[in-house]
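Below are two complexes that have subunit A in common, paired first with subunit B and then with subunit C.
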Partner chain A sequence: MMDKKDIERIAHLAQLKLSEEEKTIFTDQLNEVFNHINTFGELDTVDISTQEPTGIDKLLPREDIPREFSREKIMANAPDKDEDSFRVKKVL
Partner chain B sequence: MSPDYIVTIGLEVHVHLDTKTKLFCSCPNITGGEPNTRICPVCTGQPGALPVFNERVLFQAVLAALAINCRINHRSIFARKQYFYPDMPTNYQITQHELPIAEKGHLGGTGINRLHIEEDAGKLIHTGGSSLVDLNRASAPLIEIVTEPEITSPQEAGDFLRNLRQILRYAGVSDCDMEKGSMRCDANISLRKNQDDPLGVKSELKNLNSFRSVEMALDYEILRQSEILSSGGEVIQETRLWDEDSLRTKGMRTKEESDDYRFFSDPDLPPLLVGEDFVEEVATYLPEMPDARKNRFVTEFGLSEYDAGVLTQEKDTADYFEEALKVCGLKQSKMLASWLSVEVAGQLNALGVSMSDNPVKPAHLGSLVREISQGNVSGTMAKDIFAEMFETGFSPENIIEKKGLKQINSEDEINAFCEKVLKDNPDLVEKYLDGKHGVLGAMVGQVMKESRGQANPKKVNETLRRLIEKFQ
Partner chain C sequence: MIKKILKKVNSDGAFSLVKQVSAQVLESQEKYNSYITLTLDRASKRAQEIDSLLNAGKNPGPLAGIPVALKDNLLYSGEKMTCGSKILENYFSPYTGTAVEKLEEAGAIVIGKTNMDEFAMGSSGETSYFGPTKNPLHPDRVPGGSSSGSAAAVASGDVPIALGSDTGGSVRQPASFCGVCGLRPTYGRISRYGLSALASSIDQIGVLASSVEDTALVYSLISGHDPKDSTSLNEKGYELSDSIEEGVKGLKIGIPKEYMGETLHSEIRERILEISNKLVSAGAEVKEISLPSLEQALATYYIIAPAEISSNLARYDGVRYGFRAPEAQTLEEMYIESRTQGFGPEVKRRILLGTSILSSGNYESYYLKALKVRSMIKKEFEKIFSSIDLIFSPTTPTPPFKFGEVKDPMEMSMADSYTIPSSLAGLPAMSVPVGSIEKNLPVGAQLIGGTFSEPTIFRCARFMEKIYES
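Up next is the complex of A and B:
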């Protein structure tokens, strides 16, 4: 079970500021999600590796050939930018 | 440095791999340039974009691992390291955590704990009120090499890094340029009193931008920690930044829980499988390593330890030497070594050009040395010819031919020059006959002038003496 302290820690790591009300809401919601995930615990997973989560047994690599992508298309999605860079709140 | 304490150092070295594209997308993998010109949905973390692994990274990582004698794991796993910082738009770095591509190697007596593949982050430029994000470097391929904590002095740490750099450059894995950031190093250091004591509390040093700063920061840290310990205090575990201006390390504000990365295996990337046959194939690409090559230069080519060391410092130089030696022949190895390490290296250094961009082809330097050894060009002429070769990239034969620079060895021609000079300078001849043999030098100079420097000076000297004797 997650408690308020867990939520505060996660919010801190994610740099989110939560109100007291939100903390309660997220605690309840996350606990619901975890309860749901706990139903997997009833399954027999003895022979299933936790390190092969994809169901695909090996990586399929690509050739080392460069391709250009339009910068404008990517930058168009940025909430804030100058002419060639994304702009974010000042961080140090 | 500090006889009271045993020093224990471990290094974490990030090396930017030389590939055409990034680790998980097809954006060009080039450093520098205009911001955000090499970005795509994958390396900017757009929703729904999926990483696709670059096969060249596998080759380069395995090559690097073999060069430092690591064992290759036939199955390795990519994991997500979660952190929130705008240089990483996905909010996690893809790295290898529990199962790295390679483990348990060694280099020059220092044990290597592991080598793993991971992606680089973008770059932040802090301006007045905001920070600007350049994602050209985001998802560029890196390997991280972690040594065992068994280095015992700053000097040893510096030697290890120089050795590692040389070997990875030889293997063609990376240019390992600390100033350009294609090689970066963090150092962990702790002190303890006795060999039997457990390792002391360590500090992690960052912002080390050169081998020199690695050594200086470690020196400083030994002083700082031993002062704390000998006054009965306790070292706190923290990250400290090396400050190049004040020549000190400074503690960073320790963010609570900042290293809670919550690793888990990346569900977008299945395990990386590497077969033994692939490892064996990659091994065939390992070049002869610097030490072995240096020894061979001594035994096979008769060079001094020093010359062999200079010539094998960089693979490009050693390759160049061997290529040129084929043309001038084994007997001229010393003369060639001197031309390459003095004249060629001098010109390249003066212009800040690397050996790979040397305008003089190895075969051309080889034939210049051959011409000198056969007495076809004098030392001074050779320098002029070389200057022209360096400027134009032409062969020495071509330049000699065009400028009519070939040394004159024909007796008839030299005789003619000498007779003219003796006829024109009866006063000098008289002085010589009076026993003032010193004037011979002036006469040789005259002949050299007449022949535009092309007459063989030794033969001119002999001929003048012989002709003057006849006057008596």
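Up next is the complex of A and C:
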């Protein structure tokens, strides 16, 4: 069972801030999901691969050729910039 | 529908058509909130270009002048792509994705970007930051999701085709709720280049359309290998053929008993059985089959999808694009505040779930195990398709519900319970409208086939469509 401390740890890892109310709601909701996904806990998967090969053989690696991108278009979406650099808050 | 519109374009011109469509789109936007961004001025210019080509005796392509709508998680150069989220409210597409590029090359005209559940997380259209879309057939009910606006745009007759994306059922489920066709192709057949990532190993671009014929035509134009997508299959795309009209004689079709259980709405069950009888009368062999992995499939999906979501959405940090919290004083505060203020509750829930699943202690017992169960599910489908051609089931266990009616996230996920298993296995599947039940609510039938079985799916879908065509 997940408790308030767990949800605070997870929220920190996910870089999210939760209100006290949200902590309660998300703890309950995540516990409900974990109860559900525990249904396959007993399945025997020892000899099963994590990657069923279906379709993979049809994939083709491409040559690594760099493509030109418009720097201007990319920088146009920057929340804050200084010419060709993204400006952020002081790190230290 | 496309054939009819092409005739109109040839007689009256694309510009005149776009003018008419624009008026309709503005009206339906008022009524249903199907769009986040309209591109009507650009559409008019495109229409003039198409008309010039037509007047010069040139062929602008098989979709010359056909209006189309794009789910707002697809890049269309120069236009906004919000993914239905505040965090991307002011993000402009730096380029156009492959599927959209192919549509434009075929002569289609983009009229707008459609509303959607935030980051494609939802089954009702209600989680969009830009407000919910209404179901054009029943405005007090949800259109389904997450491709809510794309389904509504087709259902209201604004466009004959729209692109959506389907992870757990986000094309098929809204198609079913809005009474239109919705195709999710074999994984890797439509390039994902230019599609915003949700759960990359499951996401596929899909087609919503007003008929099976139109679905097949558009699919033939946008499928095929693309070197820009490393998961794009090295295969030719789907080729259009007359087999779509061949009927169902000789097809072996299985109905999974697990999809016909007690949670299924009784009138939908009756409809499926009614169609089953018609399939048999037309020469198909229909039998009951078993897909015991249904419950495990849902559990598997609720591990793999959030795990991929939490990784994919880690990129939204307020540094290079998207919303940045203005009041943040330090770098870490900027990350946390931008994400906290930019994402809605459903997105946060899935990020938290995925982060928890991938955190130490849970990774092996949940994530690795889920990947193995996914392999088992794929094998189970493979075995089934060694003896039958198609699986036939309802697309959803219930008809469209009312706004606010389903609040619990797990209950909401039941709306995708019939579409999730084939998504995990990477198989093609389609929802086709099969009339309506009580209160005139639409019903969708789902056809699932083996890898590359789209031609057989279209053939059977066309047969079903004809039964209920009014």
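Everything that follows uses one rule, which is that the second predicted complex is superposed on the first by the 61 of 92 C-alpha atoms of A that agree within 3 Å, B and C clash if a C-alpha of one lies under 4 Å from a C-alpha of the other, contacts with A are read in each partner's own complex, and residues count from 1 in each chain.
The definition used in the following text is that a residue touches a chain if its C-beta (ideal position, glycine included) is under 8 Å from a C-beta of that chain, and two chains touch if they have at least 3 such contacts.
It should be emphasised that the depicted structure is a prediction, and the values quoted were computed from it without experimental measurement.
Using the contact criterion defined above for the overlaid structures, shared-chain residue A:82 touches subunit B, although it does not reach subunit C.
In the superposition on chain A, A:26 makes contact with subunit C only, not with subunit B. Touch criterion met: A:66 reaches subunit B, while subunit C stays clear of it. Between subunit B and subunit C, more residues of subunit A are touched by C. By the touch criterion defined above, A:13 lies against subunit B and subunit C together after alignment on the C-alpha atoms of chain A.
Of the two partner chains, subunit B and subunit C are each touched by A:90. In the superposition on chain A, A:74 makes contact with both subunit B and subunit C. Note: residues 9, 13-15, 50-52, 54, 58-62, 69, 74, 77, 80, 86, 88-91 of subunit A belong to the subunit B contact set and to the subunit C contact set alike, using the contact criterion stated above.
Contact residues of subunit C toward subunit A in the complex are 90-92, 94-95, 186-188, 225, 227, 230-235, 295-296, 298-300, 302-303, 310, 317-324, 328-337, 339-340, 343, 345, 348-349, 351-353, 355-356, 359, 365-366, 368-376, 378-379, 382, 409-410, 425-426, 451.
The touching residues of subunit B, counted against subunit A in their complex, run 19-21, 26-29, 34-41, 44, 46, 52-58, 77, 82, 84-86, 98-99, 124-126, 129-135, 256-257, 260, 265, 267-273. Of all residues in subunit A, only 9, 12-15, 50-54, 56-69, 71, 74-75, 77, 80, 82, 84-92 touch subunit B in the complex they form. Touching subunit C in their complex are the following residues of subunit A: 2, 6-7, 9-11, 13-18, 22, 26, 29-30, 32-33, 36-41, 43, 45, 48-52, 54-55, 58-62, 69-70, 73-74, 76-80, 86, 88-91.
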